[in-house]
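The next part holds the structures, each set out as structure tokens.
Below, chain A partners chain B and then partners chain C, in two separate complexes.
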Partner chain A sequence: MTTSDTLTRVRGLHTGDRGPRAPRKRAPRRSRITAAAYIAPSMIAVGGSLVFALVLLVGMSLRDVSLGRLSAIFAAPLTLTNYVEVLGDPATWRSFLVSLIYTVGSTLLPFIGGLMIALLLNQRMPGQRLLRTLALVPWAVPSVTATVAFVWMMQPTYGVWNYLLRSVGLIDTDVNWFGDPNLALLAVIIPTSWKAIPFFTLMLLAGLQSLSREQYEAAEVDGAGRLARFRWITLPGLAPFILVALLFSAMHSFREFDFIYASTQGGPDGATETAAVRIYNQAFESFDLGNAATLGIVTFVLVAVLVALLFRRLNKGSLEGFL
Partner chain B sequence: MTAKKRISLIAASSILVGSLVACAPQSAQPEATEDIALTLSTWSYSNEFADWWDDVIGKFEKANPTITVEIQQTAFADYGSTITTQAVAGSEPDIIHVPTPITTLPAWAKAGFLAPLDDYLKTTDVPKLWPAAQSAMEWNGTSYGVLLVDYGYNLFYNEALLTEAGVGVPTTPEELVAAAKAVTDLPGDEFGFAITDDNTVNFVRDALVFTTGMKADWVKDGDWNFSDPDVVAALDVWRELGKKYSPIGTNFAAKREAFLAGNSAMMIEGPFYYATVQGTADPALVDSLKIATTPFEVSPGDVSHGLALSADLDENTRAAAEKFLDFVTSTESLTTYSKLITSPTARPGTAQSLLESPDTAPIVEAHEASKLIIDPSNEGLRSDYAKFAEVTGAALHSLLQSDAPSREILVNLDRALDDAGLKP
Partner chain C sequence: MSTMTTATATTTTIAPTAATTARQARRPAKRRRVNWSFITMIALVCFMFFPIYWMFMTAVLPTSAVLSRNPALLPFGQTFSFDAFTTLFTETAIVSWLLQSGFVTLGSALLSTAVAVTAAYAMSRFSIPGQKLVGMTFLMGRVLPGTLLALPFFVLFQAIGLLDTSTAVILANTAAITPLTALTLKGYFDGIPREIDEAALVDGCTRLGVLWRIILPVSVPGLAACFGLAATAAWTDLLFARTLLLSRENWTMPQGIASMISDVEIHWNELMAAGLISIIPVMIVYWFLQPYLVSGMTAGGVKG
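Coming up: the complex of A and B.
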């Protein structure tokens, strides 16, 4: 068998080339009813509160009332004024763009970091267990604590970041990380990425450990080098894990609020005002709940469509196009 | 419709109806009772403020045995959003501590959350004795609260650092800049001054202290006037201090910390911070950390701590809440406030104890001559303060971060405020 044959066979294992599916066996009717009864209370509680919140939001978004009692808001006539205002406001689209950049940045950076650490921790080495535990530490740090720590570390005059950059001669004047409109977005991406690295590490390490050693041995016998083995065995094997991790992390980043609000409040000059921060600012700084609710609905629809498209792709099992 | 679809539809409807029923407000018929429990929201139940609240509430409950007052403490960062959310749902506290009344009160008053208090105030000495700053508790000609505290800003200075730099306590803007330069030029890492340099509303207010102090009106005849030469000159002083003689990127906590730690020789702050300085500064430094009046012709001032009542109180609760307002605004309560917080109050004569010490006398002097940095009659600005702060903040950041001429930036600011549809 040639290297090419081996790799083609290996790729087939991970690219949806699974052959005909066996028919699913249906559980007995009684078991299904019991299962439904078990999950019904939590479904009603969780689903009910979600539906209620959504109904409330839609209702508020369809009334031209900035702030008032719920009774007064819902007594107002139905209108699409808020949607016209929100969709016609350049600040809305700027906040989506900021969200997009923030989401991509704070997903890709920890993915790369997490992948590298996972590959490292997958090797046999002394202290492996301790290192694996230590790699999870950022995850355990509460968001507020991490934010305070990063705000102090990145404080332009007294922070350790600028001190280090000055010490190695990379800068000669202090960099105002959270105050410079050109740098503020990067400054909020860094702490978010740091905190997300353990999630990727954990997911990808689990994926790496599920890969068969035989595939590597077969490829090695056929003369595949380290890079080829990574490209044609590791990466396709990790594909489902990578996609799920990227999706979850992106969804988390898109709605991230704590880091950004605590460090920049969406400023300076809107440079870090993501959709999540803008919704908060509209509701509790500008006191325009109607506008905030509308922005919330628009954001919800956008994210739902994106997630649905991605899940559809995942369910089809065709990962070839991704990696 | 298939059986599967029918089941799905029934399930979805059940969830929706169930959730709506579960969350629907219950009709609340108050039980007739002699005892009344008032709820009071605040962000300030900590340190010296907590001592004051405990003192006032303890005495009030003793004098009114059928009334109890329960404090609901919320962190300042979450305070506005918490009260707003509660009020939208109709479950706000009976007595609402209003933060930064100039900017927060209009939104809550317009939304119908706060009770008009004109009739109540007519029965008190507030209209007769309270300073003009009480108008910060008004919106559209109606009073929605009682102001507890107005104050003049003070210059906080590190006497040892000024002495080391060979300068005295500045009394003019020119002396302030010269003193800041002299300290910054010392061989150590100390800065001469500290400003708030972040993305919060404090950033804009810090700069406006200079315009008020130097008699520069950024609103004139109902229009924005930031490009006026006097305003440009005042903000130039702030710009020079911020760019050359202050640490950068300091939020209000970092600014205060820089002063407390002896890293900055001067800052301008509200007088209430003096108690914190005395209580938390390094013992080796504390004797050097002093206050004076600001080095301006006019003493810039501000308001804080107003009390308002929920618009939905029943007759008995409203009467009890008004009794509490009477008690809180009494000479005794506000004199205690002044002593504990080292701050003036809105009731004249309550800060006399501060005059007894030369260390705290500048607090009273600054208060008596103070002029608000934001005129409460600027209802357009108050109504959309968040937008004003965003647009103005962007221009002020440009002043600190670019080398463009101040006048050019401020001409653009006037234009940007107009373009944003904002009117003072």
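Coming up: the complex of A and C.
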């Protein structure tokens, strides 16, 4: 089975089994034309720009160019120097490593937070509606705003974090969270995670509410304790939701630009320069268009391979309707 | 009538389940115990809310209180002033940033919702030629870093003379947002029985007529969620605005905020005030659309 086969099944895009009376098998030609016309605007907007972007990036990656006019780019002779340069540059591989750490960190941290909140919100407690609304608030904060808020809170001299840490005696010098190459990556993961918690809360809460209460009741009758019920009923039932949430969060973190750019711009010394940020920096800070395009293509290939591998391993049921 | 029920049923309401209610009701003896879940939840909510609270405190406290190594954590006994907001409106271009952001947001949300409606309807009702390709395209659009698109968009808009215009940002945003909106809306349309379409078609309605007169009117919550998600994404966009809007007078709100933090001397009060202002529109959208956004997010796996 090809990857795209799997993908289509996973995405639940097949329309073939939606109701017995649906006249799909012998879809008349006219309706196929209608379908194509309906899907066209979105394909032009999304597919068109993707194809255009890839063609242009491939074109630029094969030429030694800096930021300039379209005509000038394609007049330059073909060369492979960009690929030699980019693939041989340790900074390229470091940016992928930074991407990996950033993605894993800003997926797992909010997952833990979101799981805790979802489990709590699934219980009955006073002021439930209000608590839920408040717990979802970070979702409404623009990334740039969240970033400046955390940069301020984690500011070395006057930041409230260092103040609190000093007060309880955990630190005695002012920690420069965003400025220390060893801490900067952790520092940018924190606001990213904070904003991602509501997403996990919502996904996991939806999952929790889909679990059947009969199972819990049966388990309770059989004498299963809280922990046992969580381990043997909640976790397995929640697994598909966890999987989907982790996957989407990871996809999102991998693309992330705003948090990093607004706080460190990839610094200090490239400590927070993910692949996404490095592409931007190469293009718009170093004005090395060829290099940026090449890095873009390498990223694209890596992502395509990862996505293909991932979807091959996932069973189709768990993702049905989520993509 | 059955339309309405099905349409509402797709909206996931998050409320205590019957399971929890039943379990708690059966154990009245334990009700007097300290509710640790409640206490933990309060602590977590405080932690979640703290950054916003702190932004507010910084914005309204005088500079001397803000630039303190022992900042007051609670607002009691402090003098408040809204000078930071006044300064913000008189000494920065925030009005222009807000207007630009508003324009870009409305444009992107309208355009991507419009594009998504027909796409979602086609994905929900027809067998589309090249279905796999459509699916792959939307997925790729969601995984690839936006920076990868920013560079080609820059070159493209420069070539056609749209660089440094809001139109360019609107078009770029639409390309980036549409995969989310189309899939969210498709989920919603799937919840509307296709028998309705067929009944209308038999009665002589055209496909476009079905979409316009029958599907869209019952999809108002879905459309609202779709529009809200698109607007939020466009409102918060820094990347495309930063890449495509070069001159200062065209800047959007995120660009303005990002520029304030790279100033040599950062005015934290004003920066936090600007941050609070940037949250307000999203909060309003979020407040009104909360139930629909919840279903939209969980159905589309959309992260804001």
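Note that in this section the second predicted complex is superposed on the first by the 277 of 323 C-alpha atoms of A that agree within 3 Å, B and C clash if a C-alpha of one lies under 4 Å from a C-alpha of the other, contacts with A are read in each partner's own complex, and residues count from 1 in each chain.
Here is the rule we use: contacts are C-beta pairs under 8 Å (C-beta built on N, C-alpha and C of every residue); 3 or more make two chains touch, one makes a residue touch a chain.
Model, not experiment: these values are computed from the prediction.
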Checklist entry - Taking chain A as the common reference for superposition, should the pair chain B and chain C be classed as clashing or as fitting? => result clash
Next on the checklist: For A:Met43 in the superposed arrangement: first (chain B), second (chain C), both or neither?
Outcome noted: both
Checklist entry - With the two structures laid over each other on chain A, which partner does A:Phe52 touch: chain B (first), chain C (second), both, or neither? => result both
Next on the checklist: Looking at A:Thr34 after the superposition, I want to know if it touches chain B, chain C, both of them or none. Which is it: first, second, both, neither?
Outcome noted: second
Checklist entry - Looking at the overlay, what does A:Thr157 touch: chain B (first), chain C (second), both, or neither? => result both
Checklist entry - Does the superposition put A:Met116 against chain B (first), chain C (second), both, or neither? => result second
Checklist entry - Which touches a greater number of chain A residues, chain B or chain C? => result C
Checklist entry - Regarding the shared-chain residue A:Thr79, is it in contact with chain B (first), chain C (second), both, or neither? => result neither
Next on the checklist: Quick one: is A:Phe287 in contact with chain B, with chain C, with both, or with neither? Answer first, second, both or neither.
Outcome noted: first
Checklist entry - So which positions on chain A get touched by both chain B and chain C? => result 43, 47-49, 52, 69-70, 73, 151, 155, 157-158, 280, 283-284, 289
Item to check | Contact set on chain A toward chain B in their complex | outcome: 43-44, 47-49, 51-52, 55, 66-73, 151, 155-158, 174, 176-181, 264-270, 280-281, 283-287, 289
Item to check | For the chain C and chain A complex, residues of the former touching the latter | outcome: 12, 14, 16-24, 35, 37-38, 40-42, 44-45, 48-49, 51-52, 54-55, 58, 66-71, 73, 112, 114-116, 118-119, 121-129, 131-156, 158-159, 171-172, 174-175, 178-179, 182-183, 187, 190, 193-195, 198, 207, 232, 235-236, 238-239, 242-243, 253-254, 257-258, 260-261, 268, 271-272, 275, 278-279, 282-283, 285-286, 290, 294, 297-304
Item to check | Partner chain C, residues of chain A touching it in the complex | outcome: 4-5, 7-8, 11, 13-16, 18-19, 21-22, 24, 27, 31-32, 34-39, 41-43, 45-50, 52-53, 56-57, 60, 69-70, 73, 113, 116-117, 120-126, 128, 131-153, 155, 157-158, 160, 163, 194-199, 202-203, 205-206, 208-209, 211-213, 216-217, 220, 244-245, 247-249, 251-252, 254-255, 257-258, 261-263, 275-277, 279-280, 283-284, 289, 292-293, 296, 299-300, 303-304, 307, 321-323
Item to check | Sites on chain B touched by chain A in the complex | outcome: 14-16, 18-20, 22-23, 80-81, 84, 87-90, 107, 110-113, 191, 197-200, 247-251, 254, 258, 263, 384, 386-387, 390, 393-394, 397, 400-401
